[in-house]
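Several structures are given next for inspection.
Two complexes, one shared chain (chain A), two partners (chain B, chain C).
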Partner chain A sequence: MYTLTNVKAYYDSPRGPIKAVDDVSLEIRPNEILGIAGESGCGKSTLIKVIYGHINPPLRLVSGEIRAEMKDNGQVSVLSAKDLPKVWWEFISYVPQASMSVLNPVMRIENQFFDAVSRFHRAGNREQIRQQVADYLQELDLPVEVLKAYPHQLSGGMRQRVLVALATFLHPQIILADEPTTALDVVVQRGILRMLTRVQQTMGNTLIIVSHDMGVHYQITHRMAIMYAGQLVEVGPTERIFSAAQHPYTEMLIKSLPRIGDHSAREGISGRPPSLLDPPPGCPFAPRCPHAMDICTQARPPLVQIEDDHLSACFLHEEAMAAAHAQKVGAQS
Partner chain B sequence: MRFAVFLLSRLLTYVIVVWIGMTAVFLVPRLMPTDPVSAMLGRVMSQGAFMEPAQVEAIRASLTASFGLEGTLWEQYLGFMRRVFITFDFGPSLAMFPTPVSQLIGRALPWSLGLLLASTLIAWVLGNTIGLLAGYHRLRAYSKFLEGFAVLVYPIPYYILALIMIILFGYVWGILPTNFSMSPMLKPWTLDYVWAAIYNSILPALSIVIVNFGWWFLSMKALSSTLAEEEYVDFAKLKGVGEGRIMSRYVAQNAILPQITMLALVLGGVFNGALITEILFSYPGVGSLIYSAVLQADYNLLMGTISLSILAVSTATFVVDLIYPFIDPRIRYR
Partner chain C sequence: MSSEKVMELKGLTRAFRIGGLLTGTRLLAVDDVSLTLKAGEPAILSIVGESGSGKTTMARIMLRLLEPSGGDVYIDGRHVFAGADRMDSHEFRRFVQPIFQNPFEAFSSRKPVDSYLYETALNLGAAANRKQAREVIASALNSVGLDYGLVEGKYPNQFSGGELQRISIARALIPNPKLIVADEPVSMIDASLRMNIVNLFLQLKNERQVSFVYITHDLSTAYYVSDYIAIMYRGNLVELGPSDAILTDPQHPYTELLMDSVPKIGEKWDDIAVLPDVETKEYAVTHCKFAARCPYVRDICRQQRPPLVEIGPERQALCFRPIDYAPQTEREVAAAGI
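Presenting the complex of A and B:
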């Protein structure tokens, strides 16, 4: 179990703080695939950084709490954001964007592999690790020869598979995948996604997948969090998000997806997302929202439960209105 | 097999380059309007010696023979090539007649090699190490200070810097000799001899180190500060790799590649001597030799030193080609 409570993480810039993660609360559960969706620049990658515990200047954790429960030999230890770098790869691991050149061009794959995993005692000495890594690659149907190869000798898909293998080798409880299939062709994409889901099923751990591709989310995730302008606007079971989206932004996002057999032109969402440097005071989606009311530009709608395990942040929901009202009354008295 | 093909093709290129270079060395002096034999004779005559026409003809013939100017151009060319590639014999020096050119070069070369190899390598190691640190920590104060210093020192013309050093070390503080002067009484390779050689070389070596350091530092800093922002460096941090290892294996190993190429080329140039350094510090190296050869129109000596330089630079390039696949896995023998 991993929880984020009212987390605010800003980038310091000369023009003021960039509010990339602005008051996000999220519960990450064991044995699930959680999707984080949203358009470019909405703060998805920053949220992943925060969850990973990679908070370095200019990124700063302004407020909020991060609480991770790590199970180790039956014992549970509670970790905060600061402790996470010590347990990278062992407790929480990271699969980078496929489009990035994250492998050192002048080092053999095996050495880059060892760099990440040899810090841990259970991995044993070098020869033992080599054998374990080779066994693990075989388990994942990857050729063992890739270990001796240099990055340029592997295809983009193979490089990404190696990175997935690296991220899952130590059986971490949480695997973060940031756009793991972007820039790969659809056949390779499918292979990578299947590999990720297969690993998740065997290990029974948590996979958090960030993507702007709604198709990816539909295919593999169990639960989804929709992010807009640094905030979560809707969190719920994937199936419900696609069949009964609650937030206007999610609704429009789903509507814009093409469907087989439907030849009518797709509608986009007009306007642009707000600047994270100076977001509007109320609901960040209000300027583009067809249902915007007066209150939307004044107060921020809280994330409230609409149905079982399905939360949304919009004043169209009576629950949100009531919660905002209660808050206002509370503040006045 | 692949390696053999690669080696042969590179070797062929190497031989062709050297051959073209040597042909140019052979042809260019022959395009000059002055005839070296007449020039030499004129010089001898102008010193006031009276000679019979027959004597003059005899001297002309012997000079023509020793300059390798007998026969047709083709015969001269073949003779020249044989001498260059087989015996490395460029005939006698004209200015220091009849000392052979090869002997003059042989005497000057060790001095140039000692001075330049040592100072080049010291500057390379220092510049790259400090440049790597400063590039990796590009946002820290010491990095900015060092860069400011290097940018300030590097553009100073070498001869000005050297003169300033001579004034400071030789006259103001008076701690180092400004002119190369070793007692002829010293026997080679005794402790005193080696010490005197080093002592006399400190100032010229230091001046070369300072100037070269600036270049290596600035280029390495630029390279490593770019590489420090590469995605694989960020990912290495996410892997939890220590800073020392990130610097050595992820940044330095990539940044050093062009630096090795440059070093090899510079080392090839070591055989040219260091013209200005050697003149300023009266250093008995190849640079001084070239200088005097030019001043005294010593064709043979000039051709000898230039041939040596062509050979050295092309050999260095050839060696770089050979070692590159070992240091950069992306380059294969093809």
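Presenting the complex of A and C:
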């Protein structure tokens, strides 16, 4: 229902384009929790911006196609990147990082709700909307009193819950959450993640969550996309990513994570990610990869299917690479 | 002659005033904390807590960057803040060295990083001249897996966060300290590089006989690296003991809640658990600060401050539950001792 095909989105900078999203193809499905994982600076937040259609200079959509199918009263309309801002809140909504103060500090929460949704809301006047908001908060087990509060009167965890409520009030088909629990305590984090997963379950829509914490992905996501240096290196069911990672980067990353109750030695990955200004011509992970071959520094490996629903971009998958190549040649002739 | 204790905190308290001069309140960031790090075998003690638990305030006091409001800090058996035999700054810095959270803030972007290494070596008497200093520096860099030639003359922006954190560890090693206090040293480091830094602590503990105080909010690296763990909550040390014992069999209800809340890999959350996260003015209360969230709370917990109870070899918890909620009389509250 939402697909990205060969999308490139770069930031213009005086030193040249920063290739934060570099040839990403991804299918976003209804009724799933999709996790986007990767280290800081790998482009995962930019990918979320692109999916949200929030593409403002210096960020620029260089090439590729974005195609979203919006269901509206039984009708399906097809949207491209530039149409998305018009359907924020009702089709696609965004929960920002907890550390960001996106709420207006001098406005009561109820007025922020009103400001955000009244534009799209077809049913009724201010009082009716206020009542619906109150009902919705109750549904989410939030105290209705928060509506009368100013943001600074709420704890960090409660502010983030309000943002989740705000983002999901109009039942969007896609909810994007960019590190929604960073900077919050783990106890509060667990509560907010549970709130997000419950909303997703109730509405049956799509939740896309960006996190650098692999534990968060393990706990709540159904499918994961692993990003490295602006590219997707692996996409697959969460359970398979953790039990049978295909890409060397994912495999090494997961092996490096310490686990409580297990004292076995863990190794980090030596080296560092490449600069997004000047990424290597081949596989972005090749300089750090213990399996790197000649071809890895020359050509970029495409994402190919390894097993059901599990894609990886690595030249080690010789058979899958050959099959994908044959298919491509076949399609061309 | 050196003391039997690398570090000892006795009844350590630090209050801050928050808010206005007249309307403000006193916040006890660190509230009567006692703990000891023994000499002999070097050890890694993790101080684990969430934001606002007082762990960074404790780190700053241990590093002599902040004076306590009450209680005493001893390093190598000597007073740090008061007394006639007080350690002077020079002695202190040869014995205790810091590692900070953000390596990019620890080095000025306008000076080559090796200039800091030379300063440390020459100021703290690790070397008499630049030539000697160079050797000392090269050996310290070697210990953290870096080559002097690759560091010389370079500026901070030429390194990754992980490399720069290694350099700050190398700098800390130069005076051959007995104790390194590391405040969230890997929280700014990428996941794929984090373990390299954490492993370095283990390696340095063994090879250079350094003890570490590792301050973190991350239970999984704390478990991985430490011999002892201290759990902080709202300024109180609520549980202390060997890391295996604490994390496999937590005794304080807060430790239990914390353990349950960590998004672990390989063990899914159940969906039924009650998650108390009311945020109240817990710093100010004189009874148990966790009482408002505790599933095992009884009246006594809201009336008295719980004692630090010995619950096993080298283990303590600040809780009424292990003593069957017996009211506190003249009970002797044992000072924490590892």
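In this section, the second predicted complex is superposed on the first by the 316 of 333 C-alpha atoms of A that agree within 3 Å, B and C clash if a C-alpha of one lies under 4 Å from a C-alpha of the other, contacts with A are read in each partner's own complex, and residues count from 1 in each chain.
What we mean here is this: a contact is a pair of C-beta atoms (placed from the backbone, for glycine too) under 8 Å apart; a residue touches a chain by one contact, two chains touch by 3 or more.
All values reported here derive from a predicted model rather than from experimental measurement.
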| item | value |
| --- | --- |
| First, second, both or neither for A:V76, with chain B first and chain C second | neither |
| First, second, both or neither for A:S40, with chain B first and chain C second | second |
| Partner chain in contact with A:M252 - chain B first, chain C second, else both or neither | second |
| Partner chain in contact with A:V186 - chain B first, chain C second, else both or neither | second |
| Chain touching more of chain A, residue-wise (chain B, chain C) | C |
| Which of chain B and chain C A:R272 touches, first, second, both or neither | second |
| First (chain B), second (chain C), both or neither touched by A:P105 | first |
| First (chain B), second (chain C), both or neither touched by A:Y218 | second |
| Chain C-facing residues of chain A, complex | 39-40, 155, 157-158, 183, 185-191, 193-194, 212-216, 218-219, 242, 249, 252-254, 256-261, 263, 265-270, 272-273 |
| Contact set on chain A toward chain B in their complex | 52, 54, 85, 88-89, 94, 96, 100-108, 111-112, 115-116, 119, 150, 152 |
| Chain A contact footprint on chain C (complex, rising order) | 50-51, 160, 162-163, 190-199, 217, 219-221, 223-224, 247-248, 257-266, 268-269, 271, 275-277, 279 |
| Contacting residues of chain B [partner chain A, same complex] | 230-232, 234-241, 245, 249-250, 253-254, 257, 328-330 |
